[in-house]
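Here chain A shows up in two complexes: once beside chain B, once beside chain C.
What follows is the complex of A and B.
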């Protein structure tokens, strides 16, 4: 698993394709939101802007990790190795998680810059909410990116498959982020965090268990 | 009589369809461990699909496929298979050395770096070890693919048109490596249109036509002709013409 993660990160940091595309796309979406809202409204909408921007940009990045594997048939080379297919899923998910986490750090900074969102009183709480949201998104998007990458209309199908399933995650992540940005502590986000944790566990375990079936042609 | 566990590949009534299009139909094939089988056949006969089934890259839609006596295809079976295909299965943005090191690690090699360096030298790529795969020629890429496939010392080597795109030197390197693999007791299944090279490494040859094995026979080495394959070549040519001849209305 670490071998694949290491290779994926090496490829990403060598080409910087996913990260740079993510940051540019997030910047563009954020700029659009900045002009669309008045300053007060923008701050109010900041949690939703954060997650909607992140999810749309993140889907492109996750899909790219599998498209990269299709080039030269390297995906088959990977599937031929004796590495457990569940471990391939976990490695891919972790690779996406690391790239997305870096992108989200940039997004938070841009959010503070463009929408004048103040730094929360409890930054640790914001970190926990974001990590939980990221894990769920990475697990689900990785699972469906692996499924859709063989299809011709993959660019269109991935959002269609993933976005409806992401609704609970988006609602919980937005609500928990709103509470934390408003100065609330982690305890006050309790119900939302519990749903996020459940979502993370379900889709990580599902991905690990189903990956073998999904990647077999 | 050969015991069941002495077979590297056992296919019984194997079939594969893509949608409603049948590609393989009721293929029954046994390959003894250490045997070299070369599969010939016209384009679209199902040769590559048969090889992909043996490589565990795709599942049959019917019949049964056992590799090394096991029909449960898991990591332990995959560890014993090496595949060279039309594509190199390597990463274009990694260097030749990084690619081999990655695959050596993935196969659990004790010293992946050393293993990669050693294989780069064996396939004549030591000079370009630090170049990304993207800038290597087709022949060099194919040699890297060969090193990737043979690096875990697989018991079953599957080759799909391995000589295509290789210059004479690289083709000779490949032939020597395959002969060595055969001498080491590895099972080699080759799909090719290159009659001479395919026959030279084969113990047995078969012709796949319209998804079925239409002909098979042992390859007699040490016969007529300068390479001792005159008889085998004539028999195969004759069978090929017969098998692929258009059916009269």
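What follows is the complex of A and C.
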């Protein structure tokens, strides 16, 4: 598992292909939002702008999770390794999570810079909310990336598959971020955070268990 | 197969007639037997269709989820056919819920649509299973598609409690007719309860019959496909 993760991350940091594209895409989506909303309006909607930008850019990035293996034919090599298939899922999910987390840090900085969102009173809480949102997103998106990679219409299907299922995460992440950015601490985001944690746990476990079903051939 | 052959005579010869008769009875109950609601007047009568459609949609989706689980576990194509039938029937009734709801809401709430938790929940559920149908339609020739569909149905159903909790937290005006405390809403006239039960029976029979039809169609479709495959093998 660690080997797969190490390989993916090494590949990513040597080429910085996904990360740089992801950050530029996030910047562009952010700019589009700012133009569409007016800077003041975008500041009001900062939590929504943050998560919508993240989700659309993130989906494009997660799309590539299994593409390299498919194209290079190393897919069967990966499947033949004598490890639990669930471990492959966890490795891929963690790889996505790390890349997305780095991009999300940049996105948060850009948000503060462009929209003059003030640094929240409890930066730690903002971090925790973001990490929880990212874990759930990575789990669900990685699982469905494995599903859609074989299909012809995968670019179209991945967002279609993932977006409706992400609704609870979007609602809770946006609301929790709103509270934290308004100066609330972690305790004030209680119910939202609980749903986020449940979402993370359910879909990490479901991904780990169901992944095997998607890669049998 | 044995379950199917045992069910076949009932499903073929009893269900359609039973469903038609109870549906006629249900229509009589709804339009003639049940009294007008005191506040809402005749508009309330759509309730009997709306609520039963909602229950039928849920039933269809849960059949789909259960059959999907069984398919992943046992791998028998019969379970996949049942899962597909469940989603198709569920989607039909879910669409009817989303159509009858606004028709009722316009005169009663004064708006076609509002972001009430139950409405939000239903529309999200609709999108999840609409994607299921899309997935099946775009990749129907992929040999793995049955397993993909099953994973989607299972993950979709796992998501339902989370969606329910989060949309309830998010917005909280839908009448809870059945579970309302005494004297607040609820069906006051016993004739209304009888009507609800008769319509429920009619809808359950209709759902069962539709599920059967869809299941049989999918099964025969598969069988024809297999025969075609064998035929081309022999010819080649």
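Note that in this section the second predicted complex is superposed on the first by the 216 of 217 C-alpha atoms of A that agree within 3 Å, B and C clash if a C-alpha of one lies under 4 Å from a C-alpha of the other, contacts with A are read in each partner's own complex, and residues count from 1 in each chain.
Just so we're on the same page, contacts are C-beta pairs under 8 Å (C-beta built on N, C-alpha and C of every residue); 3 or more make two chains touch, one makes a residue touch a chain.
Remember, predicted model here, so these are calculated numbers, not experimental data.
In the superposition on chain A, A:161 makes contact with chain C only, not with chain B.
Of the two partner chains, chain B is the only one touched by A:74; chain C is not.
By the touch criterion defined above, A:9 lies against neither chain B nor chain C after alignment on the C-alpha atoms of chain A. Considering which of chain B and chain C touches more of chain A, the answer is C. Once chain A of one complex is fitted onto chain A of the other, the partner contacts of A:147 are limited to chain C, with no touch recorded for chain B. In the superposed model, A:216 lies in contact with both chain B and chain C.
In the superposition on chain A, A:84 makes contact with chain B only, while chain C stays out of contact range. In the superposition on chain A, A:198 contacts chain C only, with no contact to chain B.
Of the two partner chains placed by superposition, A:25 touches none, neither chain B nor chain C. Under the contact criterion defined above, the residues of chain A that touch both chain B in one complex and chain C in the other are 216-217. The residues of chain B lying in touch with chain A in their complex are 55-59, 75-76, 78-79, 81, 83, 85-94, 98, 102-103, 105-108, 133, 148. Listing the residues of chain A that touch chain C in their complex gives 140, 143, 147, 150-153, 157, 160-161, 163-165, 167-168, 171-172, 175, 191-192, 195, 198-199, 202-203, 206, 210, 213-214, 216-217.
Residues 3-4, 7, 10-11, 14-15, 68, 71-74, 76-84, 216-217 of chain A touch chain B in their complex.
Residue ranges of chain C in contact with chain A, taken from their complex: 72, 124, 127-128, 131, 134-135, 138-139, 142, 144, 147-148, 150-152, 154-156, 158-159, 162-163, 165-167, 169-170.
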